[in-house]
Each structure stands twice: as structure tokens, then as C-alpha cells.
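There are structures below to look over.
You will see two complexes here that share chain A, one where it goes with chain B and one where it goes with chain C.
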Partner chain A sequence: MAEQNGAAEKEQISQSYWSLVWWKFKKSKTAVIGGIVVIAFYLFCGLLAEFVAPYTLQQQTEYLEARPQPIVFKNKEGNFSLRPAVYGLDEEIDMATRKRTYVVNKENIYPLRLFVRAEPYKLFGLIPMKIHFFGVNPDNSDAHVFLFGTDRLGRDIFSRIIYGGRLSLLVGLIGQALTLILGLSLGVISGYYGGSVDILVQRLTEFVTAFPREPLFMALAAAIPPKWSPIAVYFMLTLILAFVQWGGLARQVRSLILSLREQEYVLAATSFGASDSRIMFRHLMPGTMSHVIVILTLMIPSMILSETALSWLGLGLRPPLTSWGVLLQEVGSVRAIRFAPWLLIPVPFVLLAILSFNMLGDGLRDALDPYGGR
Partner chain B sequence: MEPLVEVKNLNVEFDVRDGIVHAVDGVSFTVHRGRTLGVIGESGCGKSITAKTIMQMVPKPGEITSGEVLFHYRDKYDPEGDIEVINITNLDPDGRRIRKIRGGEIGMIFQEPMSSLTPVYTSGTLIGEALHLHRLVPKTVGEEMAQNIKEYRHVTDEEAREISIEMLRKVGIPKPEQRVDSYAHQLSGGQRQRVMIAIALSCRPAMLIADEPTTALDVSIEAQILDLMADLQETVDMAIMFITHDLGVIAEVADEIVVMYMGKQVETADATELYYNPLHPYTRALLKSIPQIGKRSTQRLASIKGMVPDPFNLPSGCVFHPRCPEYMPGKCDRIVPKWTEVEEGHYARCLLYEEV
Partner chain C sequence: MLTYIGRRLVYSFIMLVLVSFVSFIIIELPPGDYLTQKLQELQARGDRSAEMRIEEYRARYGLDKPLMERYWIWISNFIKGDFGESFEYERPVAELLGQRLGMTVILALSTLLVTWVIAIPVGVYSATHQYSTGDQIITTLSFIGLGMPSFLLALLVLFFAVMVLDQDIGGLFSREFADAPWSWAKVWNLLKHLWIPTLIGAVTGTAGLVRIMRGNLLETLGQPFVEAARARGLKNRTVTWKHAVRVAINPLIVILGTEAFPSIIVGNTLMAVVLNLPTIGPLYINALVGQDMYMAGTILVFIVGMIMLGSLLADIALAALDPRIRLE
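Right after this comes the complex of A and B.
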């Protein structure tokens, strides 16, 4: 009995696989930072975009292609103040180029406030709200805040980046979910049955992987009927991205299953009457999960990049849907870069998102092998 | 004695790159209800393949070329019902019918308890899985009616959990209420084998195939597991087919013994008869090679001379003749011995007992 008690205590001390994973993950600083940034992106862009953005997506102001307003820590009298503020902009016509420009008017200073009441929206598409995270005094109709400037239609770019992130990042998630279903099930089936099924699935993955990506994207994206609603186009696009991506996952899962299926527990499961599908999806598939999680995390960036590239080429999402790619599409001309370089600001956001995904994925890859070296 | 599984002239061949291997070559035996059949032989002699053939689980590229495995099926929920003879070799290996027999009628436990449990599930989940597949409980419509209505339904999750705990208690696992939520890595080797036995027995099979169940365990655990199996056999009236290469173990558990060599059945007899009166030279040599307590340590342990032949180039005539101490030149290397009943219920495949 004493021995059993000892065993029970020992069990509480011995750590589970996932607690070891968490412990090792925490040790890697880059991975933790990557993870936090990724979570922040999904939280602020995905869930709370309406709340975080000071303007709504299509809200137009009379400031067209206004430059970004710098944040200053000054009050009306020009003295230092802790409350950040922005200077107002005055419209001027440059008589030489006949172009409208905006100059900073230091007379008008608009202090920034937290939790201001502005345009009404629906949080999560359900809860009607008016409060935005920050903004300027809503009673003063002249007051405005464009942290990253405005576009040709006078829409706040900061708000649009936040909203655009939602679609761009969700492409990654929805696409990966489809990739997961397709790649995992085909990989498991191919690895478990082997033989002609394996050959068929492998040739199919090779065909899909060997196909040059961009032309395939373009051909498939061009095949989307132009009459479809933007939302339908969006889902079609994620479907296309997933269709091109699943090959790699299927191959890795297959090779894992090839080794797992030789385990004695597969024989044991067969001997107590489990069907093939039960063995494949209940006994074998969970064993591949740690690998699959890493592969999926590392594949999300390429999905986001593909969406951005396709939308930038005009083959992906179309306005009024807004993604980072759609935002960048507006900078497709020399004129835009020459006169409104702030339209390029989505780029660092794309970079940041992809970098942090890669950092998270690398950290996960190391952490999910907690018994490994290093 | 009522036959449960009859294996008749079974042949299993493996068509591999280097040629055809006759893994099982003309094996016949009968497992009786509630009795224990022991199968012994050295590694690679076809014991495990025979067992897997009974479950229609021959690994690729193996193929049953001839012979039959007859299973005398009796509905366990209707003990008075008729016995239906099913030829297992004719069933589709992935079909619904054989999946009902696997686990439901014939349970199996394996050599490696370390890797026989799926690592991602608790022992309760694994037992529950088998229960959901096979175990039925009577439908209770009303108190009086329940007696007359012979309808059954599958177990619910709560019932499965209760039965799991009950099974774990039966196989002697301490604190079954806690162990039911343990993963394989939290159990010791003996406990894992007990969980395997619990899974195999949870659906009340008519027969249990134990494929070297104690090889990976140390001797004290081995004794416990053997006792456990004997106890359970008594309480649930279950046949056991016990495969091993440990002659001491088989002497303890088996009622009848089949000796195999290179895929061929060389001798079959009652356990005591076989140990006291071995007929085939191979069986004799095997029995001589058991180390004995009390023998003078200066004596060398007897061994069978020669090597196990290459399965692709089996010797002509009797496959054992190159190693046989009673080799009769001109006879054993020419004539293939037949399966003969030398004494009543004692069969051997040897030219010593044939008129040639």
C-alpha cells in the first residue's frame, strides 16, 4: 500500500507532455513575443476592429489624401502636456501643381481621448455600441484624427488597416482549417492504406505541389464569376488557397502515419474490432497532432501573403471588401507613391504579422519536442 | 467437450521478393469451449500468424491459400440458441461480420504491453471503446416486461465507465476509480497488460488469444498475470489459446498443446501426455533444453544442434531432419512425414511412427 501511495505522489510530480511543452515554449522569448503579437492581431483586428478603429470602415471625411498627423504632447497654449494631441490640418491648393495639399495648422489642436462616443457600430455584429477606443472630441465636428493619413476618398487609413487585418488574418485561419481537413484526412488515408491508394494520393499531391503557384492562383481566381458577391469571392479565394496548400501537410502526415501504423496499438485496436476509419481517425491521427500544429502555424504566413499578393494583383478580394492586399492595391501607381506615400503603411503590418507567425511557429516546433536536445 | 474454433489444414503463404514463405503449413487443431490450448515453438515458427489468421488479421503480403477456420458462433445473449458455424477465412477482413467477432467473440492480447495501448487515451476510454463496439445490455422497458423482452441496446457512456472500473477491479488494478483516468504512460508494464486483458475481456469473448502475453514482463508479474487469466477463465467460461515459447508457462496453463516447427505442426497432445511421453524428436529436444534446478552446474545445457533453416530453402523430406538426433538417412530427407495419430489423442508428424 505504501508503494502505491508513493506511485500516486510521484505521478503528481511527473509532468504531462503539454506542461513540458508550455515550459519549454515559455523559455523561448521570441516565440512568446510572436505568440503575443499574433494573439493581439487576432484580438484587435479580428474581434474588436470596430472598437479599436476611431472611424468605421467606409466612413468618408472631407480630407482627401491627407498626410498622417503626428502625435504631440502639447496643450492649446503650446506647453507640455501628458495628454497626446494632434494638430488640425488646413487645406491648401498648390497653385503650381494645381494639387490639393494639407498643411499643419498649429492653432487647432485636438486632444486625443479614450473611449469616445462616435459612429455607432455593432460589436461582434450583435451588440450595438458607440464607444470607440480612442478619438477626438465628438462634439467638435471639425476635429479629426488620421494617425496614418487618409486615402483618395478621405477614409482613415489607420481604421482601414485594422479592418483589413480582419479579412487578411482570417484567410489564414479559414484556409488553414480547410487545409487541415483536406491534408490530414488524405494524408492519414494514404499512409494507413498504402499500396494503390497511397500511390494515387501521392501523385495527386505531387501534381498539385509541382504546379507553378502563381499562374494556378491567377487561373483559378480568374475563373471566379465576376457577378459573385464579394463575400462569395472571399470564400472561394480561401478555398483556392487551401487547395494549393494541402499537399505539403498531407505528405508530412502520411510519413508520420507510416511509422505510427506499425505500432502495436494499431494491432490491438484491430483485434478488438475497430473499423479502419476508427483506427485511422481515433487511434492514429491524434499522434500526428503536435507536428500538424507546427506545420499549420508555419503555413499561415504564406497563406496571408498569397491573399495579399492576389488582392494586390486585383485577382483576389475586391472593394468594398477590405484586406491588406486591397489597401496596397491603391498604391499601385507612381502617382500614389509620389504624392501619398503613407498609403504604404499596411506593409509593415503585413511584415509584423508574418514575422510573429514565423516566430511563434519556430518556437512551437522546438517546444513540441520537449525531450529533444538544446 | 464442445468445439469452439476448429482450424483445419490451414496454409498461409507470404509472397515476398525472395520467394514464397510457407508461414503456416497444414496446421489443424481444435480449441474447446472453456479450455486452454497452448501453442509452442521457437521464434518465427508461425505461432503468431496462426493466431492472427483466426482473427482474419493476416498481415500483408500474407495470404490464406487453403484450409479453414470454423468458428462455432453462439449468441452470448441467447445461450439456448443454435450454434452457427462461421468459416472465418471466407469473411471479408474489413467487413462488419469479422469486426463483430474480433473483440466481441475472440479477444486478443499481445506481447508488448508497453505499446499496445494507444498513448493518447485513458484506459477507461479504451475499455469504453471496446464496450461501445460489442457490449449490449438488456433494454429495460418496465420491471416485469424486462424479463420477456429480449432486446438489447448499446451501453451508454456512464455505463461504460462503470463497467470499465469494474473490469479494472477484476483484473486486479488497485484504485480502479483513479486508474480509469490514467494514460498508458502512467501505468507500469504489468498494469498495462492488465488493462489489455480488461479490454479483451470487457466484451465477454468466447475465446481469448494470448500471444506471448508475459514475455515482456518480469517473472513475478508473469505469475500474477497467469493466475489472473486462470481465475478469469474459471469465472467466465472462456477458451484460451496461449501462445508462448516458454515451456514452463505452458505446462502450467495449457490443457492441450500444439508444437510447431517451421510453420508445421509437429506434435499435438494432452499437456501431461506431451510432457511425460513426447513422441517427436523436436519436442523431446525442446523439453531437454529447459534448464533445471538441482542439476550439476558443470553439465552443459542441452541445445538443439544446427540452425533454424532458411525459410526460402526448406530441407527436403522432414524439415527437421538436418537437426534431428534420430535422423534416418535415406528416409527422413526423402519422404515428407504425414500427420498420424500415434496414440489416442496424441498426434505427431514423424517417420518414426510411420510404416514406410
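Right after this comes the complex of A and C.
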């Protein structure tokens, strides 16, 4: 055992920093699972939403607030079959409450198929396609599949969650890019120059962080003019989220730079006549990268969550834009929960996304410091 | 020490003035104001005298004056304790806040109590039994709890209550007690409603606190003075609770000051909206949506004030408790 360890250590010595990081990252199961789920989210919701979803975003069907159809493994005769299928829904008016409900009709069974031709769309916004990942027989116009039910306009919730993930997850990425630019450059400048520049930036970050995060988000989001186009609102919202977040990053980068700038290689660079900006962004900034990556990864979930919360309150994104928060707008009342509880299905998706980001970030934090710790 | 406190107070005051100004601007940002909305509403209803009445309001609230002058009027009255009037309720902001302050404080304090009573022992257990099965379960749970947003959790709990228990758990009182005078029955009714938001609100805080407590205590347990206490033959229990925990708990005062203290005012806004609680949080959101600016501005300034006061108190308490820390 001891010999093995010794051999492993010898092997380690000749490894580069990033391969050490990868080696340590792989050892943490939760981090790897988190990473895989995050990648899957961005792949299926971000890139391939049109392909994965059986319906398009705004496609309305005649089934209003229909309940989710359970998946069964049966064929038309009621015998077991490997091909999953869903039972059809029949409309029924509940005489007591005068409400339309749907009951499962076991007579109609619609087998699920892979790669069916349905509504046309453009993959990546470029390639016109008709093939969806799964669906029901497109030749049978009665056939339908609502895995998570439909909303009050008869739109398939499964498809909408897939599409909604795109905006929700993208808020995290775009917002982080902005946070990165603001926080990193101000942190580096503040730490490198010191003196009055430092004091100025320090006071600025202090002022921004003096505001409580949640109430400030809300106040700024409420200030977005309602007449703006949805896209403008989206970018404004991302900007706001980034604006509130950059202070923490700037502060941490500054303290890292403060220790890095005393290193010999900076002196060497200075004596070679390197300019300030070259030293800052070419020599000092890469040294902060591992910390920055961790901070950013751990910040993404709070951004996704903020967007969800703001949209849910009606202060953020609005239809026709669809994000997880917008989907949750429909369940603001107890009535909605009572009569259409499947509208809550976006909640587990938000939670899963947040959890996997946290798991990934936590693993990265351990892995990016491969020389220390256990 | 006194000069330090004095300097911090002056600094906080300057920050507060700046923050109040920026808050005022932010709330002022949306085009139009509360009265333009109101005017449209009245005109839509076919009110002929709408414009005249709106002009009256405008003069009454000083909305016809330029921004700086309005800010000055608001802030100078603010110091005297007059926070302006809410447009939406047509009553003084101070009165509206006062109505909800009691419940907000009760909810915040009960959440705080539950959080600390659960988190400290669990954190201590987790640290003293490092890498045991119990520790691993606690670590996993706290990890999940940390990422669990309370408003989504509240939605799930509401779902569970409605679908499984067939009960509406919103609010802090049953309907028959809402306007009733205080009595033992009403207090009992409050307690029956209070535990749900308390527990939901405590999840995130508890998870975070457990992790911090575990980390702090692990660090402290490795220090020589703990070793020395053990060497003197003290019982394990005494070493942990009287020697290590006392030191490890000190940094948590900062959390108490900067996070728990401000939450007395706002509490958990989003959860309060889901569960329909009569706290200040939902009032703030309504004020923002309705551009009820004096109301929103007042609450925002109060929150920031509480944060600054909290961090000052935390620093003073820390210096008093921990002789290694000196304020300068």
C-alpha cells in the first residue's frame, strides 16, 4: 500500500498543474456527477432544446390544463411491451365544480417513438429540421404526449421547461461573463496600483456591497421600464445581476494580487521593461484564475435563483420570454396548486440545476488547490 | 475603543446618507410615478375630474418639485421620524411599518432561535465525529440545505399541505383570529401557524451555520491548548464544550450581526410572499411594483442601516469576547 502511494506520488511530481487538478477533480464523485448534470443541462436545454422537446415553445393544443400522462409499458392489447406508451386523455366536465378535467382513457394508447417528424424548427437557429427526439405517431392527429401536463393555454409543460432552461441557465453564463470583466479588471487594477486608485475602487466596492443583495435586485429590476422589449429587459436584468455581484469578486482578486505582485517574476518582468498593463493582465491575472473559476462557479446558482425569483415575482422576465421563473408565475396562488399541481414541476429542475452547480463548484474548489489539503 | 466606535458611526452615517440618496434615485428611475398610473386608472374609469384630483395629490406629496428638493424634504423629515406617506394606502409609512414590525420581529427571532439551537450542537457533533457516518450524513444534508432556496421550498411545502393534508397553511392566523384582540387562543393560533415559516426559513441558515461551526471547531480542536486541556485529564465533554466550542463560536458573532440582525427588518421576503405572511417583506415588494416610493425607500434605508449597525455591534462584541482582537 505504502509503495503504491509512493509510486503515485512520484508520478504526480512530473504532472502539470492542470493535469493534477483534473486528477484530483476526478476523485470526487459528487463533483463529477455535478459537472455531468451541468453539462447535460446546457446541452439539452441550451443547445438542443428544439430537438429534445416534443412540442415547440408556444404551440397550443386543445388540451387545457391537462394532467400529466403516466408512461406505461403496454401495447394496444394491454400486454407488456418494451416500447413505452401513454394513454390518451378524454375531456370531461365535472358537474359539481363546473370545471373541465381530463380522465385517462385506457382505450387509446399512443406508443412513444424516437426521432419522430413533427413541428418544423431550426436547430441552432440555422438548420431547418423536423425531427424531434421523441413523440407520438405524427400521422395520428389525435395522438398527444404531455409528460408533465399542459398549462392553461394548452402548451406542453415538458417542452416549456426544456426551453425555459435555456434562458434561466444563460442568465448565469452571461451574467458571470459581465461579473468577470468588471470584478476581475477592477480587482487587478486596485491590487496592482495601490494608493489612491486602490482606495477609490475599495470605497466603490464597499458601497456596492453595503446594499443588501435581494432588496437591491428587486429595486433595480422594478426600475426596468415595462415598455421595453422582452430582449432588452432580459439583458438589463442580466446586467443588474452582474452589477450587484461584482464587488465580492473584485475584493478577493485584489487580495490575491496584493500577494502576487511581490513575487520575483513580477520584478523580472518589470526589469525587462514590461508595461503596467502587460504585467497586470499577462503576468498577474493568470495567477488568480483558479480562484476566479471557483468563485464564478459558485456564484452561478445564485444568479439563476435570482432570475427565477424576480421573474416569479413579476419583476423580471415576462412572457413571451420563457424561463423557469416565468413558468412559476402561474403557480402564485393556492388555487393553482390545488387544481393544477403539475405547474410546480419546474421547481425540481431549478433545484437540480442549483445543486449540481454547487457540487461542481465545491469539487473545483478542492481540485484547483491540488498541492494542499488531503 | 471609543474613538473607534465614533469613527465607525460617522462612517456609517455618511454611508447611510449616500445609500438613502441612491435608493431614492433607484426608486425614482421608472418612467412616470405612482400618480401617472393612478391617473390612467381614473381616466379609464371615465372620471372627468381625474386630472384635477391628481394635480391635488401631486402638490400634496410634493411630486411637482424637482428631484433634489424632494429628496431633501424626505430625508430631513426622515431624521425627525416622519418617513412620508404611502401613496397606495394613503397613510403614513411609519404607521404601516409599525403594524407589521411586530410579526416580522417574532418570525425573525423564532427563526434565529431554531437555527442556532439546531446548528450549534449538530455542528459540534459533526466536528467531534469527523468522517463518521453521522458526520457524512450531516455534511451531505447541509450541502443540500445550503442550496435550497426558501421560496421554492415554501412552494413545495404549500403543495404538500394543499394536496396531502388538504389545508391552507398561508398566513400567520386563521381567519377568525386575524382581527381579533390578543388572547391566549390567538397566541396558540399564531404558534400553530408560525412553525412552518420558521422551519422553512431556518433551513438555509442552519445548513450554512453547521458547515461554519464544523470548520471552526475542527481548526480549534487541533490547537495546542486543547491538547493541554486533554493532557490535564479533563473529560472529553468538558474539553469540547468549555474549551474548544467557546473559542470556535466567537467568529459566528459576525454572522449574527451581519446576517441575522438585518433579517429582523426584511426577514425572508420571498418566502413571506409565498406563504402570504403579514411581514414587512411583501410590503416592500408591493411598494416597488406600485412605485410607492416613500415606502420602498424607507424600507431600503432601514435594511442598510440595520446591516451597518449589525456589523458594528458584531465587531464590538467580538472585541469584547476575544482578547486577541483589538480594535484600532
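Everything that follows uses one rule, which is that the second predicted complex is superposed on the first by the 361 of 374 C-alpha atoms of A that agree within 3 Å, B and C clash if a C-alpha of one lies under 4 Å from a C-alpha of the other, contacts with A are read in each partner's own complex, and residues count from 1 in each chain.
Heads up, the rule we're going with is that a residue touches a chain if its C-beta (ideal position, glycine included) is under 8 Å from a C-beta of that chain, and two chains touch if they have at least 3 such contacts.
No experiment lies behind these values; they were computed from the predicted model shown.
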{"item": "Touched partner set for A:Gly78, first chain B, second chain C, both or neither", "value": "neither"}
{"item": "Partner chain(s) touched by A:Pro70 [first = chain B, second = chain C, both, neither]", "value": "neither"}
{"item": "Touching partner for A:Pro120 - first (chain B), second (chain C), both, neither", "value": "neither"}
{"item": "Which superposed partner A:Gly287 touches (first chain B, second chain C, both, neither)", "value": "first"}
{"item": "Superposition-derived comparison: chain B or chain C, residues of chain A touched", "value": "C"}
{"item": "Partner chain in contact with A:Thr270 - chain B first, chain C second, else both or neither", "value": "first"}
{"item": "Residues on chain A lying within both footprints (that of chain B and that of chain C)", "value": "none"}
{"item": "In the complex, chain B residues that touch chain A", "value": "55, 57, 94, 99-104, 107-108, 110-112, 115-120, 129-130, 133-134, 174-175, 178, 186, 196, 199-200, 203, 209"}
{"item": "Chain A-facing residues of chain C, complex", "value": "15, 18-19, 22-23, 26-27, 29-31, 143-144, 146-149, 151-152, 155-156, 158-159, 162-163, 168, 170, 262, 266, 269-270, 273, 284-285, 288-289, 291, 296, 299-300, 303-304, 307-308"}
{"item": "In the complex, chain A residues that touch chain C", "value": "207, 210-212, 214-216, 218-220, 222-225, 227, 301, 305, 308-309, 312-315, 328, 331, 334, 337-338, 341, 344, 347, 350-351, 354-355, 358-359, 362"}
{"item": "Footprint of chain B on chain A - complex, ascending", "value": "4, 8, 11, 263-265, 267-276, 278, 282-283, 286-287"}
